[in-house]
Amino acid sequence: MFEAILLTVITASTPLVIAALGELVAERSGVLNLGVEGMMIMGAVSAFAAAQLTGSPYLGILAGIAGGALFSLLFGFLTLTLVANQVATGLALTILGLGLSGQLGESFVGMPGIKLQPIVIPLLSDIPFFGLVLFAQDLIFYLSVALVIGISWFLFKSRAGLKLRAIGDNHGSAHALGINVVRVRYLAVLFGGACAGLAGAQLSLVYTPQWVENMSAGRGWIALALVVFASWRPWRLLAGGYLFGAVTIGQLHAQAFGIGVPSQLLSALPYAATIVVLIIISHNRRMTLINTPASLGKPFVPDR
Amino acid sequence: MKKLIIALTATAAVLGGFASGASAQEKKKVCFIYVGSKTDGGWTQAHDIGRQALQKALDDKIETPFLESVPEGPDAERAIERMARSGCAMIYTTSFGFMDATVKVAAKFPDVKFEHATGFKAAENLATYNSRFYEGRYIQGQIAAKMSKKGLAGYIASFPIPEVVMGINAFELGAKSINPDFKLKVVWANTWFDPGKEADAAKALVDQGVDILTQHTDTTAPMQVAAERGIFAFGQASDMIAAGPKTQLTAIVDTWGAYYIKRTQAMLDGTWKSEQIWDGLKDGILTMAPYTNMPDDVKAMAEETEAKIKSGELHPFTGPINKQDGSAWLAAGEKPEDGVLLGMNFYIEGVDDKLPQ
Amino acid sequence: MRLELQKRAQVSTLFSILSPLLALALTLVVGGIMFWALGKSPTGALYTFFVEPLLDVWSLHELVIKAAPLILIAVGLAICYRSNNWNIGAEGQFTIGAITGSILPVLYPEWHSPMILPLMLVMGMIGGALYAGIPAFLKIRCNTNEILTSLMLVYIAQLFLDWLVRGPWRDPQGYNFPQTKSFQVEAVLPEVLDSGRAHMGIVFTLLAAVLLWFMMRFMLKGFQVSVLGQSARAGRFAGFSAKNMVWFSMLLSGALAGLAGISEVSGSIGHLQPTISPGYGFTAIIVAFLGRLNPLGIVASGFVLALTYLGGEAAQLSIGISDKVSRVFQGLILFFVLSCDTLIHYRIRLIFNPSAATAEAKN
């Protein structure tokens, strides 16, 4: 049973982790995009539609990524080219995404979905317990792990990552060093959109293979919270995502066991837990300050 | 830039030329207000299918505008009043949460007929209507007891309101009429609509060993989980067979259309009266989706129970019934008043959950 | 071709006025094309959206009801954001304010005294302020990011309300449905005019907006807000306490959100129920920025946003434009307004030949 619970937790956590990873990269470059929910739902509807029309969930994944990325361009244009306020633009992006996806997806409601099938890795999947949990998963799960490793390497080991962090910490000096701040931020926003779109694809192809309006149901917001929770570090983000998923699933199991606690209290647990963990890790003041991108949310215009 | 704006403004002016004048209308307006999206796949969609049936049946006499995704709260009162002001002769408000807003607006517009779904406050021009969903759940309970190998079913519930509690109890009663030791696990998702969370709840229940799932939430996600895990499940509000062709045993299908046609016709004829209507299987306000994926004897039993409920021979809540703690609720042969059922906030014996109080 | 921004030496007054008009023009054009593409009459649709709701008294009242909580919350948030404190949990403070404000009418339904209403309002403000005090405290004491904590507290507040109205505060006469008893007459906010149901909430709203505008413009406190918001260092040199500013701005915005909550419950709903807000606390964030974080600007932006909600409903009912299209349209308006505001601070130049531009830059 423990194995099955773990699988449930992984499915529930994967979209949170992926969307949050994308946002992490965007925020590391100094851009706060509150439109994750909107990009995610656009990814979900694009992925579902493409999978239905082509019959291939893999094309669905590509469409989800493209949908989220294209949608994030809108945010990029407003906040980077026109330096509009990032918080307000992000919220507006979510409103637009929820409306647009509902409209685009209207004809797909109620269609039986196409589920992305797991890829069983030979030999490794034979390992007792861990084999099934880790090596008989779908492509999106493997991607999520690859993303954590890749982003971690990129941010802290690569030159380009160093540039990106430099921009996030102080776009003024980065610009003075000759780094094209706006271009890097565009790429970071696009990457964030692509990840949110991939997370959306996971929702409509793996988690619950169907399309209904508003099916992201607030997961984009939780992804945003995760980024801060992880103090902008990929591995912590992975841990946080799984912790959140575990508490959510755990409370459902506690209910099924018949523990006599009000379900509202149990439903509130993941949020309360996030706050508590956040307090614990942010108590170490120096640690958080080092990781927080100092120019997060601040507008940048290259002066000449 | 300036030229662009001028050009665009000119385009707008040309486009404006296409504006059509409002066509003269003879048809009466029968209006609907929905809490969700009309394509939510559950509660609201069932009402919208009812509306479409109504439109089709009385196409030459009425039109049926609607407002969807109206939040329960101050927005509801405005939305309902807007309908009354826009000339609706009759307004169906299709969610419990619209109750007080409907009462307030009904008082202001005595000439408009109001119908509020699942509430309990009525007035001279405000009727209430509801469906005896529990009749269908009782049949589901019986089927579950026949089909379950472990004698244990899982129930994905939305919110602890009487309607839902009544459904849980009816399911358990049906199951116990076949297998007195039948147990029911309940998980409260605290949402009507979140496919992911509903799927998680379904997985949690399956992982804890239930081999039949039923739901009182709106999406087909639990049905999909049941299909994946190879167990049986029941659909809710709509026939969910498409989500689980080999999984769905039956579903409670809300078929409001017949009711809407009947009441709207009465309004057109001038015979409409305010009533508090609670129709059941016999009135066609709910129907059972085809009994599938079960042996013939189970199907025959389900059909027999359905017939008995329709004829009035069987009332699902017939004593002796004990409350969850073992204390007596109904004596042998006793049946509860409708009012007691509508306010139900306790479990009967056999439900393995503590009701949130 | 690319766009380039040039910072203006000073804020352009001309474009401060022109930018909303330009945004409106763009919205009309693009919105018109969108409606036309959907097979609806563009003029009819735009008329229904923007003009029809303003034509009768009833609708004006409804506009006020919808706009009041948005503005009341947004002016408080504006002070927060100007001082660089990122309270995005106004929705939770709204909910808690509604709960604490409702304690008296729910627990003492027999208390018929004119005292009850003022007490409710004060308790609502205290509740909202205390709830906003949690992220403020955590920010000061534990260095915890307030964006996250205030957001998480929203969910907790909503679940708490849910538990209350389904459990201990449920109306015993209400067939166990999840709502409290209706408030006694004395506990209901009176209507402002006889002509409709707009209640005193709008008076509090306008009062708060004017007072905060005055504070930001003429008082030392307002100056502190701006200085600390722009640079905590500069503020420290001026002898201002950043900690006190966290408390001040968070408690203020919490209190106003709480006031909005209890006003809404007492004035518009009349009892507590699981859903009391259609996301006012989040929408108010947009309102605050649309109003350029200026209390008077927020009054205007609050009414504009409320208008799009009402117009969306009208369009749905009379010309069958779905609520999804209305939301898309709303998103478009927001995007145009936000992007046109760029013109206030920047000159925009379209550069068609990048190499020429570089050459020019070198000169």
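Per-chain residue numbering starts at 1, and chain names A, B and C are given in the order in which the chains are listed.
FYI, contacts are C-beta pairs under 8 Å (C-beta built on N, C-alpha and C of every residue); 3 or more make two chains touch, one makes a residue touch a chain.
The structure presented is a predicted model; accordingly, all values stated were derived computationally and were not measured.
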| item | value |
| --- | --- |
| Farthest-lying chain, centroid of Cα atoms versus that of chain A | B |
| Winner on C-beta contact pairs when A-B is weighed against A-C | A-C |
| Rounded Å distance between chain A and chain B, as computed from the means of their C-alpha atoms | 34 |
| Centre distance in Å when chain A and chain C are each reduced to the mean of their C-alpha atoms | 27 |
| Sites on chain B at which at least two other chains make contact | 37, 160, 190, 356-357 |
| Residues of chain C whose C-beta touches two or more other chains | 159, 162-163, 166-167, 322-324, 348 |
| Where chain A touches two or more other chains at once, by residue number | 102, 106, 213, 262, 264, 267 |
| Chain B residues within the chain C interface of the complex | 1, 5, 8-9, 11-12, 15-16, 18-20, 31, 37, 65-69, 71-75, 77-79, 81-83, 85-86, 96-97, 99-100, 120, 159-162, 190, 339, 342-345, 356-357 |
| Touching residues on chain A, where the partner in the complex is chain C | 74, 78, 81-85, 87-89, 91-93, 95-100, 102-103, 106, 213, 221, 224-225, 228-229, 262, 264-265, 267-268, 271-272, 274-275, 278-279, 282-283, 285, 288-289, 301, 303-304 |
| Interfacial residue positions of chain A with respect to chain B in the complex | 1, 4-5, 8, 12, 102, 106, 109-113, 203, 207-210, 212-215, 217, 219, 248-249, 252-253, 255-260, 262-264, 267 |
| Chain A-touching residues of chain C, taken from the complex the two chains share | 3, 5, 7, 81, 86, 88, 138, 142-145, 147-149, 151-153, 155-156, 159-160, 162-163, 166-167, 282, 285-286, 288-290, 322-332, 334-335, 338-339, 341-342, 345-346, 348, 361 |
| Of all residues in chain C, those that touch chain B in their complex | 22, 25-26, 28-29, 32-33, 36, 41-44, 58, 62, 65-66, 159, 162-163, 166-167, 174-179, 182, 197, 264, 268-271, 273-278, 309-310, 313-314, 316-318, 320, 322-324, 348, 350 |
